[in-house]
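What follows are several structures.
Okay, so subunit A shows up in both of these, paired with subunit B first and subunit C after.
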Partner chain A sequence: MFAFYTIYKGYFRTALIVQFQYRVAMLIWLLGGIIEPLMYLVVWRTVSEQQGGSVGGFDTNDFVVYFIAVMLVSHATFTWIMWEYIYRIRMGLFSVMLLKPIHPIHSDIADNIGYKFLTLTVMAPVTLLLAWFFDASWRPAPWTLAAFVPVLILAFLMRFYWEWSLAMVAFWTMRIDAMNQAYIVVGLFFSGRLAPLSLFPEIVQRAADILPFRWMLSFPVELLLGRITPRELLIGIGAQLFWLLAGYLFMQLIYRAGIKRYAAFGA
Partner chain B sequence: MEQNPVIQIEELSKVYTVNEREAGLVAAMRSLVKRKTRDVNAVDAISFSVGEGEIVGFLGPNGAGKTTTLKMLSGLLHPTGGSATVLGFRPWERNRDYLRRMTLVMGQRNQLVWDIPVIDTFELNRAVYRIPEEQYRPVVEELTELLELEPLLRKPTRNLSLGERMKCEIAAALLHRPSVLFLDEPTIGLDVTMQRRIRRFITDYNQRTGATVILTSHYMADVEALCKRVIVIHHGKLLYDGELTGLADRFAPFKTVEVKLQNGLDGRPLAQYGELMAHSEGRITLRIPKVDTAAVTGRLLADLDVADLTVQDPPIEDVIEHVFSQSPSPLDAPDPQKIQSE
Partner chain C sequence: MYYFRLFATYVRVGILGELEYRANFWINIIQSALDLCVALGGIAVVFSHTDTLGGWRQEELLALIGVYFLIGGLIRTLIRPSMIQFMEDVRQGTLDFKLTKPADSQVLVSIQRIEIWRLVDVLISLPVLGIAFLRLGASLGPIESAVFAVTLLSGALIIYSFWLMLSTCAFWFVKVENIQVIFMSMWPAGRWPVNIYPTWLRAVLTFLVPVAFATTVPASAVSGRITGATLIGTVALAAAMLLVSRWFWRVGIRFYSGASA
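The block that comes next holds the complex of A and B.
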């Protein structure tokens, strides 16, 4: 455990130094993560105002709080690993990772968290600014805040394992951009990024319950908004654990097969 | 051959399946339906073993299978056939205890993180290899001194020249004190001074730590300076495994005879003795088929007024060039029994 701590500390340190080198790129990425939910916020807020102040049980303030929460949770859980993998295999960087006596996923997790940690310095004031600008009112129950922490960690981990596994399709084909795009579009609908899931038809909501996307984004957001009962919380955590385990097993499987393929075709 | 083999390879093979397609649109469309593939024997049933503390030169022209072999031994590639153990591990199982005890340095690949100062990559490796602080400090100091890294440590990797980067790469790869080193072209692209420094460093490291080293290089000077023993592969097959000095005995079909004359040539034709390679005032150099050496030297001594005569093997570079210019068929893999005796 101590050794792991040392390794992660080393990776964090490196990630932070590298991120500092690319401050502008970091800000551009960050801007994308802020503008998208902000856009939906403005659209839905306008729709709500035109509908007399409420749409499908969401009033104007709910939309504001919802999309600010989407921005925060999205930021906390997003990964760029699918693009990273294509690059590292094409450039032969994966061989170097394989020679290290540690699973390559750890450096990626540390890298991701390092970025999040650094960008928090921008995200925190942006959140406060948006809340002030849109006059958001939010009174969470203490238990939802307490539950939010593990729920967010689970959301991050399950998303990380799944996207890390899908990224490894690059072992079989370099043309994974189309797959990435499909994944993003499906996720846009079923994760609640585009609009709260309760606004979608019943069938989409049922599908969202079965798919992993809701548990990566919408569930933590709904929890922050106080729209989850304690019973639903337990069910949600169960779903997250299930998808995390499935993602972990899938990752192990595809990693082993991927390495074998990589090793067969020349590293 | 060795008392205590650290690396043991038996009939190790690697076959790559490569896609083949002719040029043109029609061929491109045809390949959508039916792909044509071809098997390439990159490494073809090679066997050898390397003892603890040995430095072995691994020679062969481009595409001979050297890098493929090193990648199999370092666990990056799965072999298609045969077996290999290094330090008692099967490399491609990539056991972490194994990875902690070996290193692979590839000339053109970098393990240094591009954007951060070199010393920060070292720190990262310290964490990843779990090097205790009390071991790390002296090792860094030692490597810094031996490779003259002091002015480079605080520079980001991207600001280093090729030679500087190579020195730092080697240092980063040795922080964990590996006991097996696979060095693939460690001096490629470096100037002569830097090549010499790296060579000296490898010898030093080997002597101090007793590490086992397999080294590939296109520079014969590297091999001559570092390796008593060489393994030659060509077209994936093992051609020779033995002392570097024995390579000429085995493969060079000729010898070089240098003659110093008392009174010049007196216009005598030299073609009857052998191929004239150099001719200056009172001194001639001839290339003579190995089988004729004794007879020709006898005749030279009898016919000419010889002050001095030396018979030498041709330079090792010429021998290697000769070996690689042959097709593999007449130079079949040697009998292991024969290797034992060499």
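The block that comes next holds the complex of A and C.
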């Protein structure tokens, strides 16, 4: 445990130093993650206003808070590993990672968290600005805020393990763009990113319960909005733990198989 | 005429190049189909809860999505690949070779790379537009069609001039590839009519990154909701931007001293 602490401290330091060199590029890359929820925020706010102030149990203010929370949770949990892995394998960078006496996922987790800390300096003011522009009002109950912390951490980890596993498909094929995009599109419909899930037809909602996506996004978001009962909270955490464990096992499995297949390029 | 032949040659080279990577065709089909799912799924969910969005009916939004894919396809097929190649050329000094060729440098640079498989987006847009037109039926007369064609062309020219001006900055700042990321991040906002956005965002999408002119304006021409002022303004802006970007390009070329020299 103590060894991990030292290692992560080192990783964080390098991650922060490296990423600080690319601060302008980093700002620009944030844009996409702000525009998308903002777009759906505006769309649903417009629909709600037209329908006399509420749609499917969400009033106009709920939509505003919902999509600001979507922006934050999805920023906190997103990874870019599915695009990076391919580059890593093609350029032979993966060989270097294999030489280190520690599983490569740890440096990726540290990188990701380091990036999130740096970008918090932008996301926090953006959140406040959006809340001000759209006149959002939000009064959370203390217990939901307390529960939000472990829920967000679980969401981050389960998403990380799943996307890290899917990224390893790059061991078998270099053409992963279409797969990555399919993953994003499926996630869009079943995670609540496009609209709160309760606005979708019944069948989509039931499918979303079974799939992992909503437990990564709409569950933490709805918890922040105070739309989750204590009983639903326990079920949700159970689902998150299940998908985290499944993702972990899946990652181990595909990592072992992938390593066997990997023949270093550029060595 | 000469430039048409030149363009045809580049298209041929583009096809030959991409025929080497035939699997990309299928990947592009999958990607475009997925994009279309997102766009259509979005309006399906929205219109299951409302009849109009900011005054736009469902078939009008369908036309908007058609335009979004048509112009988006044009950007991805021709404008973006050529401009990225150009920025790369400035950095590597390979632009010098292109400048020595006996043709207008701006034209050469603008058509130098054609990613033919990306035309799938354009192909996908045609049935979407077709269905939207059919459902709009009565309100789509010859005048609306002509206005649509004019605004579509103007929108495309505005987007081209905008990209050219951004790319021309490469003469001074060399490393500007990230500028195109800004545009591509803002572009999806064009899937929805800009009048639903709050004023500040509408201003950004209209004047800072002219997404509105490329998607909302042509789509509003289809249903005849476009005003005369908007039409004249769009055409005038297209002409102005074409001239300004041309002038800016010349200033840039004069400033450029070659990286390899």
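By our rule, the second predicted complex is superposed on the first by the 262 of 267 C-alpha atoms of A that agree within 3 Å, B and C clash if a C-alpha of one lies under 4 Å from a C-alpha of the other, contacts with A are read in each partner's own complex, and residues count from 1 in each chain.
Please note the rule applied: a residue touches a chain if its C-beta (ideal position, glycine included) is under 8 Å from a C-beta of that chain, and two chains touch if they have at least 3 such contacts.
Fair warning: this is a prediction, and the values are worked out from it, not measured in the lab.
Chemist: Now for A:Ala178: first (subunit B), second (subunit C), both, or neither, which partner does it touch?
Modeler: Touch partner of A:Ala178: subunit C, not subunit B.
Chemist: Is it subunit B or subunit C that touches the larger share of residues in subunit A?
Modeler: Partner touching more subunit A residues in the overlay: C.
Chemist: Going by the contact rule set out at the top, does A:Phe200 touch subunit B (first), subunit C (second), both, or neither?
Modeler: Once the two structures are laid over each other on A, A:Phe200 reaches subunit C alone.
Chemist: In the superposed arrangement, does A:Gly10 touch subunit B (first), subunit C (second), both or neither?
Modeler: A:Gly10 contacts subunit B only, not subunit C.
Chemist: Looking at A:Leu38, would you say it contacts subunit B, subunit C, both, or neither? Reply first, second, both or neither.
Modeler: The second partner, subunit C, only.
Chemist: Regarding the shared-chain residue A:Gln51, is it in contact with subunit B (first), subunit C (second), both, or neither?
Modeler: Once the two structures are laid over each other on A, A:Gln51 reaches subunit C alone.
Chemist: Quick check on the superposed pair: does A:Ile102 touch subunit B, subunit C, both, or neither? Answer first, second, both or neither.
Modeler: Touch status of A:Ile102: first partner only.
Chemist: Shared contact residues on subunit A, subunit B side and subunit C side combined as an intersection?
Modeler: Correct list for subunit A: none, the interfaces share no residue.
Chemist: What does subunit C use to touch subunit A in their complex?
Modeler: 23, 27, 30-31, 34-35, 37-38, 41-42, 45-46, 48-50, 52-54, 178, 181-182, 185-186, 188-189, 191-192, 196-198, 200-201
Chemist: Within their complex, state which residues of subunit A touch subunit C.
Modeler: 24-25, 28-29, 31-32, 35-36, 38-40, 42-44, 46-47, 50-51, 55-56, 133-134, 175, 177-178, 181-182, 185, 188-189, 194-195, 199-201
Chemist: Flag every residue of subunit A that touches subunit B in the complex, lowest number first.
Modeler: Against subunit B, the touching part of subunit A is residues 3, 6-7, 9-11, 13-14, 17-18, 21-22, 92, 95-96, 98-102, 260, 263-267.
Chemist: Give the list of subunit B residues in touch with subunit A in this complex.
Modeler: My answer: residues 16, 68, 71, 74-78, 92, 94, 96-97, 99-100, 103-104, 106, 109-111, 113, 115-116, 120-121, 123-124, 126-130, 156.
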